[in-house]
Amino acid sequence: MSEVVPPLQKNYIANLVKKGKRIDSRKLDEYREIKITPSFIGNAEGSALVELGGTKVLVGIKLEIGEPFKDTPDKGVLITNAELVPLASPEFEPGPPDENAIELARVVDRGIRESEALNLEKMVIKEGEHVWLTFIDIHILDHDGNLFDASTIGAVTALLTAKKPKAYMENGEVKIVDEWEPLPMEWIPASVTIGRINEKLMVDPNFEEENVLDAKICIVFDDGNKICAIQKVFGVLSIEQMKEAVKLSEKKSSEIRQMIMEAVKGEVEKHEKRKGKKQKNR
Amino acid sequence: MSYLLKEKPKKLINENGLRLDGRKRLELRPIKLKVGTLKNANGSAYIEWGRNKIIVAVYGPREIHPKHMALPTEARLRCRYSMAAFSTPERKRPGPDRRSIELSKVIKEALKPALFLERFPKTAIDVFIEVLESEGGTRVASITAASIALADAGIPMRDLVAACAAGKVDGQIVLDLNSAEDMYGEADLPIAMMPRKKEITLIQMDGKMSIDEFNESLKICIDACDKIYEVQRKALIEKFKV
Amino acid sequence: MSEVVPPLQKNYIANLVKKGKRIDSRKLDEYREIKITPSFIGNAEGSALVELGGTKVLVGIKLEIGEPFKDTPDKGVLITNAELVPLASPEFEPGPPDENAIELARVVDRGIRESEALNLEKMVIKEGEHVWLTFIDIHILDHDGNLFDASTIGAVTALLTAKKPKAYMENGEVKIVDEWEPLPMEWIPASVTIGRINEKLMVDPNFEEENVLDAKICIVFDDGNKICAIQKVFGVLSIEQMKEAVKLSEKKSSEIRQMIMEAVKGEVEKHEKRKGKKQKNR
Amino acid sequence: MSYLLKEKPKKLINENGLRLDGRKRLELRPIKLKVGTLKNANGSAYIEWGRNKIIVAVYGPREIHPKHMALPTEARLRCRYSMAAFSTPERKRPGPDRRSIELSKVIKEALKPALFLERFPKTAIDVFIEVLESEGGTRVASITAASIALADAGIPMRDLVAACAAGKVDGQIVLDLNSAEDMYGEADLPIAMMPRKKEITLIQMDGKMSIDEFNESLKICIDACDKIYEVQRKALIEKFKV
Amino acid sequence: MSYLLKEKPKKLINENGLRLDGRKRLELRPIKLKVGTLKNANGSAYIEWGRNKIIVAVYGPREIHPKHMALPTEARLRCRYSMAAFSTPERKRPGPDRRSIELSKVIKEALKPALFLERFPKTAIDVFIEVLESEGGTRVASITAASIALADAGIPMRDLVAACAAGKVDGQIVLDLNSAEDMYGEADLPIAMMPRKKEITLIQMDGKMSIDEFNESLKICIDACDKIYEVQRKALIEKFKV
Amino acid sequence: MSEVVPPLQKNYIANLVKKGKRIDSRKLDEYREIKITPSFIGNAEGSALVELGGTKVLVGIKLEIGEPFKDTPDKGVLITNAELVPLASPEFEPGPPDENAIELARVVDRGIRESEALNLEKMVIKEGEHVWLTFIDIHILDHDGNLFDASTIGAVTALLTAKKPKAYMENGEVKIVDEWEPLPMEWIPASVTIGRINEKLMVDPNFEEENVLDAKICIVFDDGNKICAIQKVFGVLSIEQMKEAVKLSEKKSSEIRQMIMEAVKGEVEKHEKRKGKKQKNR
């Protein structure tokens, strides 16, 4: 959100919304075109280029072997980082991640971590000593609004298509074999960002819309109909609007999930099997 | 002290429906709120919420440095949430980390809708939050105190902002999670509201909740915010009654 | 000390001092009221809130187990840090400690370290391998002058009331038991800050006074009548003034020490016993 | 992935004169260059050069912050060469390191002579280079793409800048070193030129070369820059032909 | 080199009253002081004090950046005490550490009273101190040289500032502690003075001393400062006699 | 190079150069006076103070024992750092090394590393575990142009005169003896910096000249007639100028090398012997 709102632009968009219309002629509950290109980067263990309208996000997964955290010796480590590089927008400045980059990284991380999409317990080589560190690096290339959803789509797709070599212990040392297997993914969380303007909700605000919204909220659903993360990014919502946003995001999240599954088709079968089992146990 | 690592308790709510600290499911921890405790700040507040101890200072509206940070049509609200090194069981290294940077931002966004920032263009209003001791729920306690410190500083407000968390622990929806419940519970849902206008200014969630559970959590938070609002009003009256 | 001195304010204070008076009607050698609240923070191993007139300082002690420095394998490690958080004064700015915060931390540290108040040799678990790291964190909450004395009082009180669990070696590993004991404190150093204005000395300058002083000096005494730290903070002193300052600080330091002992009464007995022994050996 | 450390290959050029990736001694890797791929930037270009994938954005001429950075008689050209964390076999920590700071400078110096900076005094022209995947030769690929992005941004130029490296591998002078050749070869000589003016705007070398070998390397680089210049021109025509 | 750790010597003063480096109790190390050794600086001085080697440059009065650092009624004096990586037995990481930040401040406060800063409002006077080799007592050597460099830069001064340390070693009060005496001695008392005005501009102490020992230390420092003052004056005359 | 070129100064220097002359009456291919003082710093394992006209550079070598890099377990580690301290020039500012300092350090490093002047394979105590870390710290004291050559001369001289203690393994631990030996130096690289103005080349530009040059390039030769590093620092060169610069730098580099050898005379014999052997193997 830029800091000074141009009032004319705001009125124009607000009036359109009152009639259920938007500046790019979408419906209020319609996403821009989503294009997902998995495995874009050869040097990454997993990656995805996501184009959401004019927004371009590249996510890469890198794996390393390291120590677990002291208080979770039986779990791998997940580290999510976002870079709002100045290439992507005249608003982004060089330097360490600012509050917006950190919020973005932490919300994407939360959606994946809290949904337990990546089973960190299966990312252990030897409990308390050697685990897989999974780095999710989010690189914004062009910022045309709704970075949260584009980044979550990218991160989830990259994880679903990532491969890791087999590793085991031998004589107290970690051995790695050149046999590659997918990461233990259990769920496909999907994030839905909703804007409020003129008391109406709209999904997937673009950059111009974000600049004039009264409120923005991001809601992430796992694929078992549970909310696994919420973040009100700015503005206020009434209680009714909040409940409406949750319902809307539940619906849209399954459409997005469908697109991710489409993009990673090869992976889908495996995932469906896993999911089938899970749902029964639930 | 982190070198005496506590194990996860088997149950967070016992057979009598009581929580580890003896509270009932929908019971708030005791809250003490005091206005105007600092000499230098333009406004201040000190809150004890359970074992949480937080002090908030407000400076401003005041000149802004560097100048190009000034906004032409309103005051720039800046928030700094910071934990003292000794506030946590394990010593926290001084300086902002990623968590505190995110919290500073969401707290700022929780307070901003309540302020008439447009009355002070080109200035800064600074909210400094120091967590002296933490026991779970520092962000909602911080918002509750900061809102009072802003009032104490005489910043004109649409409404106070009251905040509280609900969550899911041992499968049940509970109010006002403490540290252990936050760490070992299933979900945490901090909410801030402008109580009179019934508008949500902060909502975050992590963990897993169904939509029904979410709606229930939302409801008990709204009720709790009304109670916290009373605490806030009393604290303000206390200050100004002399 | 703020950087630009208001000349009217300076004249007013200087004229008062000539008559032996001060703006808050104290005597030149009189401290403001001192209120010490030990054990304020439950999560800290030791802590103290000190109110010195309008100045509020909170000091916390945290303990960790770590490695000793290479050149002192037979000693625990003491780390003192001060945060001049922007909450405490419009003059303090966010960011890493500046020269004033570092000077404050180092002077408080010096008083404790050089007086050998905390016996670091008794903070060793296994020589050269495992020792206690003692962190003294000084948090200024409200700055109304004389941070040096308030911080030293806070640090000493927090150390005197701190508890550490017993630790010992077993099969090459550190074991910790839930039995708590006080830190090995040998002395109670006390710091006295003195200002010079109009060729007169005054103790415990408040914020307004600090702004117009010609010089400020801080002198720390152990409790065996020895100086253990001096820091001229700014300005100049004649040789006679310097000697006078030392005498004055000796006298005031024992008053302050008395107040600390009052505040930690429970600890006093133990301390007195320790001190009795020490004095004989001296 | 760094945990599968590759050994140094015995030979980098086989008995048939072919290199590890099947190229001949003086053969360039395939180059794809696309202009104007970004929406926000004033100019942009995307290059795939072998497995190198690099995107470049140009912003400016625009206002400069802080103001005292402004030059009275010309635009300040600023370059930022940066590698994505996932661009290398071993994860690269985000943020500038010494190598990328040096590369940012030499790339800036390679582009500067081609620009009429004096037409935009007191402004900044920013060139942001993001290496998305690297396989040796990122600096020459970056210069080649940046030059096109500058043209795309409408910055007036004396000439394009084309760049390529030569080097010495297994005792032979080869063109366009890849990662393995860069790491295990004897010398690396990246060069940038303004092809029409035949002027060198970047030259660096490390490794060991005799003067004769240097002259030979220089020659094959010049020839290669002519080819790369054609690729650049075609990409520009492609963009503007619509 | 730190990997050849020296043990603490049994005695720092032998039965003949001589110290490890052969000096008597109240003997200064040899001091060489040279004015105006640098070409770019407005004023400079180089001092060898025992094995300490320190070079000082003064720039200013000059414009100040950022502007809001300017003081309306006087010049801002800035000091930077910095140790070269190779100046100590163990390599020192470049960049300021807490010790050098404190020393920069106390050196600034030691020099400030001697300067007529009010003659140059809104400007900066920068004193840059580079310790090239250290052997104990760098702060007093730095002040002694900096004072001369300020004079060399033509900054009007009330008096020079001369500095020296006394201390307690093996139970005796000694003058001008070297590294070993500083490390293994009982107390260290560095002092700076304006010798003509007999005013103390720096005094610090660490270690333990009785009041009598303090007074004795003070006395021998004052005497030593008079000698150092002579060295300073000669160095200045040397420079300007041509 | 300062950022704004004074045009009058530029014309003056350019016109002189056309006639083969320079502002300090040197010839185009003439260096300023070079004064090398080895072993200037007692606390450094090696050091040299270099005065090149008005430029003063002090280089110190420090040695530590540490771990090798993972991908070169059989080699010592070389780290080169340059500090453009604000003492040396009104253009230098306090703070971490900027692009100019980093470029300087990396070019000096490259000349030494790529020429294999210091035989890093002989700096290993135990392969993969303990090697010597060699720190080259370049401290600019006065900046009057041509820092590259002055720094390389300083670094090479400091390395040639540096001494290290003998170290060996005993019972799995590193032992160090108080017997000192020179570093394993194989070559004496020499750097030549050349400026172009008015289509003419000149060596060793001073500060005023650097400010008005059209181009500056630095070329390093090992002492076996091979180029081991090139860096065009700014500006453009024609192809012919480039070739001419290489020839010129070959010639001047042997003169500089001669001066270094003169300065480290004691070391020269040993070096010559080493070099004799090497040349045969080449």
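Note that the chains take the letters A, B, C, D, E and F in the order they are written out, and that residue 1 is the start of every chain.
Heads up, the rule we're going with is that a residue touches a chain if its C-beta (ideal position, glycine included) is under 8 Å from a C-beta of that chain, and two chains touch if they have at least 3 such contacts.
What you are looking at is a predicted structure, and each value in this text was computed from that prediction instead of being measured.
**Q** Give the label of the chain whose average Cα location is farthest from that of chain D.
**A** The chain lying farthest from chain D is C.
**Q** Just to confirm, which listed pair, A-D, E-F or C-E, duplicates the contacts seen in A-B for more than half of them?
**A** C-E
**Q** Based on CA centres, what chain would you say lies at the far end from chain A?
**A** It is E whose centre lies farthest from that of chain A.
**Q** Taking each chain's centre as the mean of its CA atoms, how far is chain D from chain E in angstrom?
**A** About 50 Å, centre to centre.
**Q** Could you state the distance in Å from the CA-based centre of chain A to that of chain F?
**A** Centres of chain A and chain F (C-alpha means) sit 50 Å apart.
**Q** Approximately how many whole Å separate the CA-defined centres of chain B and chain C?
**A** The mean C-alpha positions of chain B and chain C differ by 32 Å.
**Q** What positions in chain C touch 2 or more of the other chains?
**A** Residues 97.
**Q** Note the residues in chain E that touch 2 or more other chains, in rising order.
**A** Residues 2, 66 of chain E each touch two or more of the other chains.
**Q** Inside the complex, what are the residues of chain F that reach chain E?
**A** So the residues of chain F touching chain E come out as 40-45, 47, 54, 56, 58, 60-65, 81, 83, 85-90, 94, 96-97, 135, 137, 139, 141-144, 165, 176, 178.
**Q** Mind listing the chain E positions that touch chain C in their complex?
**A** Within the complex, chain E contacts chain C at residues 2, 5, 71-73, 98-99, 101-102, 104-106, 109, 112-113, 187, 189, 194, 198-211, 214-215, 218, 222.
**Q** So in the complex, which bits of chain C are touching chain E?
**A** 3-4, 70-71, 97, 99-100, 102-103, 105-106, 110, 113-115, 217, 222, 225-239, 242-243, 246-247, 250
**Q** Which chain D residues qualify as touching chain A in the complex?
**A** Where chain D meets chain A, its residues are 1-4, 38-41, 51, 53, 55-57, 59, 62, 80, 82, 84-89, 91, 94-95, 126, 128-130, 132-134.
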